[in-house]
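Here is the structure we will look at, set down as structure tokens.
So that you can tell them apart, the chains are marked A, B, C and D in the order they are listed, and the count of residues begins at 1 in each.
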Amino acid sequence: MSQLHASPVAPALTQSWLSRYQAVRSQSQALCAPLLPEDTVVQPMLDVSPPKWHLAHTTWFWETFLLNEYAPGYQVFHPDYAYLFNSYYNSLGSRVNRADRGTLSRPPLADVLAYRAHVDAALSALLTEPEDLPATFFELLELGLQHEQQHQELLATDIKYILSTSPLAPVYTPLNKKSAAGHENSARAIPPATFLQVPGGIHRIGFQEEGFCFDNELAAHEVLLAPFELQNRLVINGEYLAFIEAGGYRDFRHWMGEGWDLAQAEGWEAPLYWVQKEGAWHRFTHNGLQPVDPAAPVTHISFYEADAYANWAGARLPTEAEWETAARYFGATTDEGTWLESNLLDPQPLPADADPTQCHQLLGDCWEWTYSAYHAYPGYQRAAGALGEYNGKFMVNQLVLRGGSCATPENHIRLSYRNFFHADKRWQFTGIRLAR
Amino acid sequence: MSQLHASPVAPALTQSWLSRYQAVRSQSQALCAPLLPEDTVVQPMLDVSPPKWHLAHTTWFWETFLLNEYAPGYQVFHPDYAYLFNSYYNSLGSRVNRADRGTLSRPPLADVLAYRAHVDAALSALLTEPEDLPATFFELLELGLQHEQQHQELLATDIKYILSTSPLAPVYTPLNKKSAAGHENSARAIPPATFLQVPGGIHRIGFQEEGFCFDNELAAHEVLLAPFELQNRLVINGEYLAFIEAGGYRDFRHWMGEGWDLAQAEGWEAPLYWVQKEGAWHRFTHNGLQPVDPAAPVTHISFYEADAYANWAGARLPTEAEWETAARYFGATTDEGTWLESNLLDPQPLPADADPTQCHQLLGDCWEWTYSAYHAYPGYQRAAGALGEYNGKFMVNQLVLRGGSCATPENHIRLSYRNFFHADKRWQFTGIRLAR
Amino acid sequence: MSQLHASPVAPALTQSWLSRYQAVRSQSQALCAPLLPEDTVVQPMLDVSPPKWHLAHTTWFWETFLLNEYAPGYQVFHPDYAYLFNSYYNSLGSRVNRADRGTLSRPPLADVLAYRAHVDAALSALLTEPEDLPATFFELLELGLQHEQQHQELLATDIKYILSTSPLAPVYTPLNKKSAAGHENSARAIPPATFLQVPGGIHRIGFQEEGFCFDNELAAHEVLLAPFELQNRLVINGEYLAFIEAGGYRDFRHWMGEGWDLAQAEGWEAPLYWVQKEGAWHRFTHNGLQPVDPAAPVTHISFYEADAYANWAGARLPTEAEWETAARYFGATTDEGTWLESNLLDPQPLPADADPTQCHQLLGDCWEWTYSAYHAYPGYQRAAGALGEYNGKFMVNQLVLRGGSCATPENHIRLSYRNFFHADKRWQFTGIRLAR
Amino acid sequence: MSQLHASPVAPALTQSWLSRYQAVRSQSQALCAPLLPEDTVVQPMLDVSPPKWHLAHTTWFWETFLLNEYAPGYQVFHPDYAYLFNSYYNSLGSRVNRADRGTLSRPPLADVLAYRAHVDAALSALLTEPEDLPATFFELLELGLQHEQQHQELLATDIKYILSTSPLAPVYTPLNKKSAAGHENSARAIPPATFLQVPGGIHRIGFQEEGFCFDNELAAHEVLLAPFELQNRLVINGEYLAFIEAGGYRDFRHWMGEGWDLAQAEGWEAPLYWVQKEGAWHRFTHNGLQPVDPAAPVTHISFYEADAYANWAGARLPTEAEWETAARYFGATTDEGTWLESNLLDPQPLPADADPTQCHQLLGDCWEWTYSAYHAYPGYQRAAGALGEYNGKFMVNQLVLRGGSCATPENHIRLSYRNFFHADKRWQFTGIRLAR
């Protein structure tokens, strides 16, 4: 388990396990509160899972890895749920095909909520007397919390996709004030884009701090980098619009071959969720259809689009080693970013007076595509047992994204955090950071 | 319109239009009453539509063809519903792809029920003063009722399929007494199968009575038949089991080539919904998983299976002209059959003492596959306008089924009624009648 | 076997078996003579088989059904050929997937020709002393000849398709004189289209003559027809162009639903092989790309197009019973038609002075789509053994075509001959005969 | 162009351009000499191109990039060939879909050979007076030679695949002596596998020599490596058999998730071309079906299999930086390897007395899968114009292979050479080198 939990459990923390557990679990349900039961069932594309499934699958994780192992006399809520809500663990037997998640109406949302309550009661009971539990329990507990936070981000983005498929353009949450303020500001002034220098040499990347990390952030190791420059902020809609208007989607020279073929086959002309309406670009958001804000970071673009944009702009995407080195060099913190907790669920424009000599938005707002394959770090070892399937088996054919987004819980991110998706995916809050 | 409504509206009937309308509309909602909102959303295969969609589409039909035309000042419930709930009428513009019906969570069931109430109020208001309405209105009214009854059968069969996909095997309605009684009887005695003679010669088929018929039942016309024999009852599960156990699903010689290829590709070994459990065949029913009753008619079989069974049994399927001629010759009535109104939703065994010299189950219980392509009758004319798409454009590549089923409203059937499905379909209550 | 061979072998005929056999076998190879070895390998669509495969498969038929059974001591040419060249006989074991026929370069054409020579030698030897052979041998011999003639038509149409896929538009055979003359005539005058009356009543259809017929033409039986009219000639390109120019391919109201969907998905705008070149319609032919002759019969159209055209023209397609009844009524003969032996491989315009009170082109030039499903006739019985798969297993989901085409050997056709294809097929020489 | 040709043309070399050109061009045709025309047409899977296409496409390259630009008055051989034989250059207009390459019988092989002769004559004429040609011409000349050599390897592997699809198991070339000798030796003794140490630190990789390289080998740059060990030889069939027999293909824990899913879907149980025959494993080779030699390197395995094997063996695959560093450290040369010129077309066993303290087979025999994504090196720039599509647009979603194979021309390889394929490809001569 040590690959999945880097440090021993500090005794002082154990007092707060129960409250942390309850906070994380509540957050998942809060995300689904604005939904109708019908919204929690559907799967409009293969990448998306029904919210009901997310709520149940995260609960299955607690039941399978913690309660069944550590809670004496625990009774599973329903014998068929292990089959219904296993995601991809071959170690744990057969399961519903991913493509069929949206065809199952049963169990209904109410039963899933009862399942959550059943598991929460059992786990809370355990946590009231944590002193009897072994260290491995707390490692799994930490992992369960991190796992549920990952599904919170997926809940946010899957819900967005689900609502977007309706011609009724339903609103998930009405616009809150900070976002409105941002929009007003942006009409006035946009901070200039500058390139900031990062020195070359031998740098150390990977998890080097106290506390939890995923196994894929290990082992920390040294990398040799040439000096490079990173842009001081994310690429914004206004800049991306210039790419669109310059014919960026019609000129294969900017594109990877597979990206070009896909963009042609799918008829891509703009990021996901962008539509022309009365002559102006709009975006489907959690707040329904909204005009495109030129000052806000561009999001919902594939690696192919990020890479094509960078080529067109005469720059490139950073590698993940460059990104992490720069983030450490610039002392990036989570303070400035937009996170799940803000409930804005949209990347926000920089303030007009943001310091152009500083590097902004490294953490939060948008995941940043890197030009690094999601491969194992030197010295990486898969965990034993079912949890060995958590990360290791995905370590080919995907690309690393860094920095978290407006749908990431703020305390979930780290400078060494490695997210990963295939190059064609667009439904996450993905954005562009230029390097050169 | 005359193709869709064969006779003028009898004045005496107009008094009952309102009550008929309300009865039919209530029946649709009653069918959905045992469902949870989640059940009304999903589309586990292309042939199946979400119950929510059926409830809305039938309502759209009333709004589009009657209220928009005949109700002065009628306001449509929602401007997007015409797009969302048009089924296949090219005349009426674009629509949601059939394959995407199960990806739409909105409008939720509550809104669809409000839509129904809105339309019902407007139509009921119209029907309180029917004397001002033209004859064409009543022709459309009749068609709307028939149309909604057709969707009631689809509701029953689609709901069954939806619930069947869950490993939880949910129960739609608990078993009622008649069915239980039938099971007990069947253990005692099964009426023998006999072949009854029907004389050849020139017979008249097609709609020849008073009242409503669909355009596809016209024109009534004469056909020349050789003498033939028809079996006195439907083929039963016990007989079909003998076919299975004799290797019927493993011997291509009984099968149409396309049926054989499909059966191999899909791994068919028994009718749809049959599963082996603890060494015995069970069937998924509206009452959950139940043991196969050898005395009950076999159902949920494709044309390919019906035809293969008939070949194996040394018989054949009747043509639709033979079927209708026999039904008229034997004086078939709806009295004996199982219909939607019984709420049994399963074909029932014949009483053990059923007269073997009579022909049973021609109407009700199971639709009977005929070996007749669903083609236009001589003299058939498509209606003008959108309703010309109701039947005519389907008149190739499908086969005719006759007689109605346990999911058909009893007053919906006629001796001349032509149902039609592709040869591979199994989710309707389809059965086998042998001829030779 | 009696289903496949309707009459005993007449003694007088046996003297000519050898010459008939050799003539038919030579014809198959003559059809391939203009081809390069490369042309004989490819399969540009699933319906098409490589010419090399046709040459081998017909040979396999002789080897399997005649030589292996009736030639003492016969040695098969190669033990793997039974696997390679079985078409669809499940009775005879596994075989190459149809979709993979074009991926096999071996055996090369030279080996296939050697295979033919080997089998021809053995069969010719048998036929030099026919008196020792049983009647069943001659029934199979007749069937083998008929089978090979069927593949000659497929060779002609498959070769056309293969050559058409090349942008080099290769020429199979240069235009011969009759065709050129036809084109000149057609510029001058086109015989008018008239509708000729056929009386109703009880008619007999199916094979009623001496000699060979396929099992699917039996049993001859009586049908009852209403009086109808049949057009005196095939629909010509000029008439079909009017349909195109009137927007026939853009108006769903003329079309069967499945046909309309397919035409949209495939982007059909004209018959197969039609292309616009320098503002004028041209057709790919066995003679390369040629201007569309308005006077020649339209060909290479699907049932969907034939049916849509008929709807647009205010007429309909005949049933097969109507077609055969009319052909018998009008005394149709093969004298006037264009057949494979002409080597024109294109339907020809009627002479300008063709008698408008006579019915022309019933036999030859184009197969005529009927609005009859290809189902078994009353009393039809599949043959025992592998040959029972010859026709019977295809008797659903296809439509009957009648009359033969310019690619049919003249002595292969009969008034009762039933050809059959799925409604979407266009690569055969298919045409339109109107009824009303 | 400098990315594609790293150094100016040395004057002394120009004398030999003509002979080099003729040697390379002859080699391509020599590879096709054992083929029948039919063999040169087919495309049994998407990755494979017909040999005829390779012969024509390489010729199109010369015509397009050299003759059309530098040969005054050059007449293209055929105006349609630019469409027919462009591979993937969007810059150069539309082209035949890759999936359709095997459906084109025309132009026949003879015409393609005439095309080659036409182009060879024109290019040879140019090369007889090379002094008038600019430096850019020679850069393209070099690239054309390298390009044609790349297609020679594809010819060898595509021909193997084409012949393998036939149940006739045709032989391309009979076994030659060295191979036979190798088999005998191997039965006696197999050199042990040892791990050899390579020191860590900063190493320089990428092209650093004189002469030609592809743009993807630039810029040479420094990498920081931890110390590692590399196995002294390729993994052999005997070792891989142990993996198979230990259930390696049935245990998901060794596999990448996408690899496992694919292996299940495709039913992989052994490398490509392996079949069980009379209880023993055989391999389809250019010499037909042969018993598996336990001492020969395993080949025709995907990255997924290589990676799963390495996991099972408690080792891992090297990165490309490790591989190149090791190859430079061990002073790998082409002397020992098996190359295209040997005409063995199969990786060969090491001699039994090979020194276990030396690293063998780094160059030749099998391409070695690395665990490095095929991405651009730091400082990489795509070339301008159509040749910018040569390498750059493929730089995502593929993996790097190193070292060349028995189908690579010996003078085509370099220590910095980067080959690349998707993780699922098996039809190249791919093998396994372990690291740890």
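Here, a residue touches a chain if its C-beta (ideal position, glycine included) is under 8 Å from a C-beta of that chain, and two chains touch if they have at least 3 such contacts.
Keep in mind that this is a model prediction, so the values were computed, not measured.
Between subunit B and subunit D, the least number of touching-chain steps is 2. Shared residue numbers account for over half of those found at the interface formed by subunit B and subunit C, and the copies are therefore classed as meeting with the same residues.
Taking each chain's centre as the mean of its C-alpha atoms, subunit A lies 48 Å from subunit B. In this assembly, the C-alpha centroid of subunit A lies 39 Å from the C-alpha centroid of subunit D. Distance from the subunit A centre to the subunit C centre is 61 Å, each centre being the mean of its Cα atoms. Shown for subunit B are the residues that touch two or more other chains, of which there are none.
Taken as a graph of touching chains, this assembly forms a single closed ring in which every chain touches exactly two others.
Looking at the complex, you find that subunit B touches subunit A at residues 36-44, 52, 78, 80, 83-84, 100, 102-110, 162-163, 165-168, 170.
For subunit D in complex with subunit A, the touching residues are 88, 90-91, 202, 221-224, 226, 252-253, 255-260, 303, 307, 371-373, 375-376, 378-379, 388-389, 393-397, 399, 423.
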